[in-house]
Amino acid sequence: MAEPLKQQIAEAFVEPACETNRAKSEAARKKGCAKPLMPGAAAGGCAFDGAMIALQPIVDVAHLVHAPLACAGNGWDNRGSASSGSQLYRKGFTTDLTELDIVMGEGEKKLYRAIREVIEAEHPAAVFVYATCVPALIGDDIAAVCKVAAMRFGTPVIPINAPGYVGSKNLGNKLGAAALIEHVVGTMEPEAPGPTDINIIGDFNLSGELWQVTPLLDRLGVRVLGSVSGDARYRQIAMMHRARVTMVVCSHAFLPMARKLEERWGIPYFEGSFYGISDTSAALRRLCALLVERGAPEDLLARCEALIAEEEAKARAALAPYRARVEGKRVLLYTGGHKTWSVVSALQELGMEVVGTSTRKATEEDKGRVVEIMGDERHMFDNMAPREMYTLLREARADVLMSGGRSQFVALKARVPWVDVNQEKHEPYAGYVGMVDLVRAIDRSVNNPMWAALRAPAPWEAGAVVAAVAPLVLAAVPSSKTDFEDC
Amino acid sequence: MAEPLKQQIAEAFVEPACETNRAKSEAARKKGCAKPLMPGAAAGGCAFDGAMIALQPIVDVAHLVHAPLACAGNGWDNRGSASSGSQLYRKGFTTDLTELDIVMGEGEKKLYRAIREVIEAEHPAAVFVYATCVPALIGDDIAAVCKVAAMRFGTPVIPINAPGYVGSKNLGNKLGAAALIEHVVGTMEPEAPGPTDINIIGDFNLSGELWQVTPLLDRLGVRVLGSVSGDARYRQIAMMHRARVTMVVCSHAFLPMARKLEERWGIPYFEGSFYGISDTSAALRRLCALLVERGAPEDLLARCEALIAEEEAKARAALAPYRARVEGKRVLLYTGGHKTWSVVSALQELGMEVVGTSTRKATEEDKGRVVEIMGDERHMFDNMAPREMYTLLREARADVLMSGGRSQFVALKARVPWVDVNQEKHEPYAGYVGMVDLVRAIDRSVNNPMWAALRAPAPWEAGAVVAAVAPLVLAAVPSSKTDFEDC
Amino acid sequence: MAKLIHPRRALSTNPLKTSAPLGAAMAYLGIEGAIPLFHGAQGCTAFAMVHLVRHFREAIPLQTTAMNEISAILGGGEQIEEAIETLRKRAKPKFIGIASTALVETRGEDVAGELREMLLRRSDFAGTAVVYAATPDFTGGLEDGWARAVEAIIAALVPEGGPVLPGQVNLLAGSHLTPADVEEVAGMVRAFGLAPIVLPDISASLDGHLSEDWAGHSLGGTGLADIARMGRSVATLAIGEAMRPAAEMLAAKGVPAEVFGSVTGLAEVDRFVAALMRLSGREAPAVLRRDRARLADTMLDTHFQTGGLRVALGAEPDLAVSLGGALVGMGAEIVAVVTTSGLSPAAERIPAAEVILGDLGDLERGAEAARAQILLTHSHGRMMAEKLHLPHVRCGFPVFDRIGAQDVCRAGYRGTRAFLYEVANAMLGQLHRPRPEDFGASRPPMEFDHAPPPPASH
Amino acid sequence: MAKLIHPRRALSTNPLKTSAPLGAAMAYLGIEGAIPLFHGAQGCTAFAMVHLVRHFREAIPLQTTAMNEISAILGGGEQIEEAIETLRKRAKPKFIGIASTALVETRGEDVAGELREMLLRRSDFAGTAVVYAATPDFTGGLEDGWARAVEAIIAALVPEGGPVLPGQVNLLAGSHLTPADVEEVAGMVRAFGLAPIVLPDISASLDGHLSEDWAGHSLGGTGLADIARMGRSVATLAIGEAMRPAAEMLAAKGVPAEVFGSVTGLAEVDRFVAALMRLSGREAPAVLRRDRARLADTMLDTHFQTGGLRVALGAEPDLAVSLGGALVGMGAEIVAVVTTSGLSPAAERIPAAEVILGDLGDLERGAEAARAQILLTHSHGRMMAEKLHLPHVRCGFPVFDRIGAQDVCRAGYRGTRAFLYEVANAMLGQLHRPRPEDFGASRPPMEFDHAPPPPASH
């Protein structure tokens, strides 16, 4: 592994701003967050995957994967980040390294030519070049190629050095964000930076979730200047250093980036969430408070409160009709971070019972909050093996699983409703309106009559009963010569 | 049957302008054209069907069928007349007479209310009310209802009195056209009648055929004022009396209408066809000549010739590449009237051989023309029973059948290509460009490799041969221990 | 129980209904060597034939008694006799099924009586079975005509019962079943070792197959000898509420009957399978168990699309019950439904609050008002689908703007599975990418957009 | 013979190809009680798993040796051993199929040798069959990986032949066959009284079925005992050119083999049926004859849409030969075609003048230039279909934006019939009503238009 990459990785692991890390002892902290992977029992994406997830939603950039086919071929066009502008980010570009390229050591040359070709064909705002395992192994100097290409072709060419084998998806998120800080942020200036310009980091605008929130910001006069990476343009990354406040949305992995923005350009940041009514309100409050601290007009606070009052009332009114339909339903939550803690209180408010929550990826603070909301620790668990979860659900110890796609089929195969609250979901659940959509989705799922049909025994199984609406059996009446019309 | 209808029918049968009729003796002429139908061996639509076919393509009219369900329910939305404007004509309106309506004698009242409802809902240019068998049998006075409704609602309401049992589709065409003359033509005046305004009668703009021709007319400065009924508006029918010339396209049934236009308003007419290159040219020539006779500028003739020369050259150039592909193919033509005679010469010009043509619906003049084109009468036949045609085709005595939809499956089931040249076809074949489209369709059909596959015997049939590209059979080689990689 | 709504209007806009005689003709075509014969004016037949040809894409041997001005007044007994004579001469049918039309029924002739007398007189017609069903266009629709034809066949051709033939089962197939549906359901019966007599069996005649010769009558269908044995079956299984009267006629001959309102949907097919297990005394075969496990999986995969789906449905009662029921069972809501005929109790069993006995015009208004998301009806619905931007799953009769309607199977475990895929994929085919407008959000300032530079020179 | 075009460019835009290890994993999943294991970094497995899950909508038991910075340099023998140990403990698989990735093959380790030695040493692993295929991502695509896996299975698990087992036939199923295809083809073999051993049999594992329990390995698939008997079959029928090397391996063990480039299309299925007649010495059963007659009729009904149809096709070689061949046999023209791998002779047999070994970017350019009217490729093609306004028939892998890809059957008489309907209906779904503009015609003067009056008062 090249030296600079090693350094970057080490840096990513030593993360003072990471709340998990802060809670650790000095010694534990030095070991970093990486867990050793167990062959035959590992799950989850690699660092390259993480880098792609973080950056690929930047819409006007050509994302070029320097790799044999699998990395791009198996990995492109698989997420639902929405764009209001360029669709370039949805295209999959790769150098498709072949055996010949590798044997002949043609990797760097091919990359250089591919950069030229993609610039000529697409005129992108920039080219992001993703390093992967094989080029790293054969020692391609991607940074050097990018540098030469950028000079030669007059287009920014940014090396994203996160080959898969160096670590997890989470690490890849960090390495991707680090590349932005190193190569992009601060390279352009906005026309008219304003006192209410902000950065939003860690929202991917999945199915348009960002747009469930930006109308609220619009009404407050708050402008999203920089974004990583929902519906973001390259220029927005380049101008991030001029925002007044950074909000990190539901993502520990992006904290280092926010910290760098604070260190280098003095931009304060906070972590917040747009999932759930109270978290959305809290995020808006915090945002406005920080903006006022940084010079925005004082009345922003009052306007924010008015907006919150209005929107919360609207949302609660919209939620009311669903109470009777979801009340008493038992929810099993299985997802990382505070993404779903955010909705727990909202679900409880509607009379739903959260019977269990995973604490994977959760910080101590997260855990504390769960205890606070749920009363005790009994319902917290760390990882749950698929078979174990299947058994729990098959025994009907929960009415619905809310999780990411990975456990989808555990629930479905156990004949239990499943609501997607992760990155692959097809509905946006952010902000006040999103909360209503989420509850509507839960209602639609748990009250589908299909579940009862699926759980009923097959005709050949023990316990199969004659259906409630049995077909009428006409007794044979050979003696009664009913007078049927005889043509 | 009401007296006025009887009279109309009689009038329709006594048709001096009909060329078939002209050729008959006085006595034969008085018997009319109706053939007695044989129960169990009758085919074809009824008078109501014919009236609908003639008038339904008038686009901005509400076509209201006064009948039990079958007449409209089984008969609407089944033809491909195209509109450049209103889509109202594609809607099916009916009084849907029920047993109760009939028993209670509510037919007239229901019709009146239906007229009101359709006017209120659709604001049509006019309502055409079609009489059918049941109301005729129970004695509904449709004409009276229409009259009252028209006065009351301020919208023209035209009775089309052609109940199914009075006769054939052909008769219905005539009765429909007669209703236009009686109730519509002459009721409105064009803003600026011109010396090159014409009527086109009998083209239904199927799949846009009219539009294959109107660009030619546009280039000559000829305007289609009146049209029955392709892409026609009600106003165009009402203004027909101001045209200078009427062209009757491929339709004996519409001759009475043209004759009435001549008798009442002095508009000369001619029969012509836009199928085939030479017929298209002939029609344009005749049209321009008649217009000049009626006062159009003399130079129209020269411009017409120039246009014809240019378009014919273009068409022949476009046809040339198909010669090799269709040359020598034997065509069986099965359709009525001169619709297809028009294309015979064009097909022959491309080296195709017309091995037979039906003379159903053909006039003596038509027949004479066939003899002229084809050399003798040997290839003419009147009707051909499906089984007979099947046998002929199954024995491969023709390479392609060109006909209407009725014989489609005779050809297909005999594994012989079929080209639709009738009203249900999905491609327009009119004018010069249409001729190229037709030949392209023939090429596509006769040269489809599917036919050979279909005619080849099944694996279990006698004569089944091993396919040309047989799969490689590897001999079993138990002794030669080929050294396969063993991993 | 749905509330039946009879719209108070005189005008029908864009008919949903197809006429009863056409339904009878379709049922008759499910008999071997059959020619359906319309007793009416030539036009009725021509319209029906075009309709049938467009749907099945087959030559349809449908004939007419060709009533004219005179016979329409004086009665058409002679026309029938002449028609039978002609048909026998030309096409040698084994079976002629007569369906009356409005023209004849308006006069109220005793056609059935005349026919009986004529057949007695014309012993030379003995080689051809002739059946008559009263199917005036002004009463009911296709489904009713089909049912009347089946009843007429049973009345005329099934003698009183005799010794029971073990394993023989009558399968009365409703008009809402496609040829592929009939084949699937009959296949399920056979899978239990039972021998079904399917009446009518359009799976053998209207399935779309290329034969080696031309015939002027149906090729395939229920054999007359089989029909004659129906009184001796172990049981009658009737698919569709419209088949109930026919099932009752067979019950009167000694054959116990069960009516299945639907064989689409997991629970509905389970009920049918349970009956087959009872009748046969056998366990369900492995292939059926596998089919059920696959359907269950399909339900899991498709319920994301069907859950909460707002459906507009225009279909005859039995079809509406079958497809509507299957979708409601998957969490969909039938927000607008129009059916054709209130004669059948099935109309009230369509799973919706209100059912309109009306036309596509009613359905269009209802679908728009209720913000339906998908349309299920026959091909004539394509104009409203286009106008309301709804995906359109074609079902019922006629389907003329797609090919292979006769091969679409929505019955049994396998058919239900295909149907759920069809509906889910119709919805997936509509999905558009989210746009800021959808949320009332604005686009980022133009300033942020990248203006492509002129191509770099190198 | 098509001319193979290798585009001269460094950039691949919108990959058509799926990686070879994924293909191997898919093949391994067709073995009973199997867990595929990628020898590579964790990410390779995660990507492949997501891909497989999105297509099949099933939990996929795919595991990884989880190579890291250190093992990537030092070699991963230990990783494999540890992975097998863990998998055996946790999921009790009967079979572990290892596929290598680019990461491992770049170093060029002798994994096969190490594995052989390790398995000898670890006799406690004996209850689990372990197979290894070299499938570097940088060579070939899914089809090649699948083929290598099948070859590895045969090499490792099929002993030398013995006495022939009458009626037993090997059916080598190519990667281009869906589970439904495999079921259809195997059903045809069974219809002749033959007993096929299908390798691999994804119709029993990836068909989408709901089972009664959770398993960490494949449920269903080819049994290991069956595989062990493959050397004693009467014959091998290989579907797809990519299965030829595997067929040759079995031929070397004494089993004569036939390779069928395609089982889609009338002539192609006829050829397969003829082989079954020869092998079984039986006549074709009635149901198959009926299926053929139906297909013939479907050809008649659909040729109006397929004749002259300009097709853009993006698929792996065997799939391109199958679907492209069937369409060309129906009068269509493949005007733009891209395939993934030139390793198979099938690439040259795709019925087109030129075949590009490229990506969807190439296909998009080609389709636009050649004015294609329809697109056949996997789900990633949807963007180009949208851009070029082409109807898009989804085929191959992955299909993630429609449900039920595993249940789409395009093989055999029945599958071909469904495929032709699918293509014809895709075209019919596109038809727009003719407009005057289409012909360069003008609209009638406004003067003729009816201006609706205000509603009449009454």
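Labels A, B, C and D are assigned to the chains in the order they are written; within every chain, residues are numbered from 1.
Methods note: a residue touches a chain if its C-beta (ideal position, glycine included) is under 8 Å from a C-beta of that chain, and two chains touch if they have at least 3 such contacts.
Remember, it's a predicted structure, so these values are computed and weren't measured experimentally.
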Set of chains adjacent to chain B and to chain D: C
Euclidean distance of C-alpha centroids - chain A vs chain D, Å: 32
Chain C and chain D: spacing of chain centres that average the CA atoms, whole Å: 36
Centroid spacing, where centroids are CA-atom means, of chain A and chain C in whole angstrom: 48
Gap in Å, rounded to a whole number, between the CA centres of chain B and chain A: 61
Two or more partner chains touched - positions in chain B: 116, 413, 415, 454
For chain C, residues contacting two or more additional chains: 57, 210-211, 296, 300-301, 431
Chain contact topology (line, ring, star, complete or other): other
Complex interface listing, chain A residues touching chain D: 1, 36-49, 64, 67-78, 87, 90-99, 101-102, 109-114, 116-118, 121, 133-134, 137-138, 164-166, 168-169, 386-387, 390-391, 394, 405, 409-410, 413-415, 454
Residues of chain C defined as touching chain B within the complex: 9-15, 17-19, 21-22, 37, 40-48, 50-51, 53-54, 57-59, 63-69, 72, 79-80, 82-87, 90, 101-103, 106-107, 136-139, 141, 210-211, 214, 216, 359, 361, 380, 383, 400
Residue ranges of chain C in contact with chain D within the complex: 57, 207-211, 290, 293-294, 296-298, 300-302, 305, 401-404, 407, 417-418, 421, 424-425, 428-429, 431
Residues of chain B that touch chain D when the two form their complex: 60, 82, 84-86, 116, 119-120, 123-125, 152-155, 190-191, 207-208, 210-212, 214-215, 218, 223-224, 231, 233-236, 239, 412-413, 415, 426, 428, 433, 440, 444-445, 447-450, 453-454, 456, 458-460, 464, 466-467, 470-478, 480-482, 484-487
Chain C residues touching chain A - in the complex, by the definition given at the top: 112, 115-116, 131-133, 151-152, 155-156, 161, 247-249, 251-261, 265-267, 270-271, 273-275, 277, 283-284, 289, 292, 296, 299-301, 303-304, 307-308, 328-331, 431, 433-436, 438-445, 447-450, 452-453, 455-456, 458
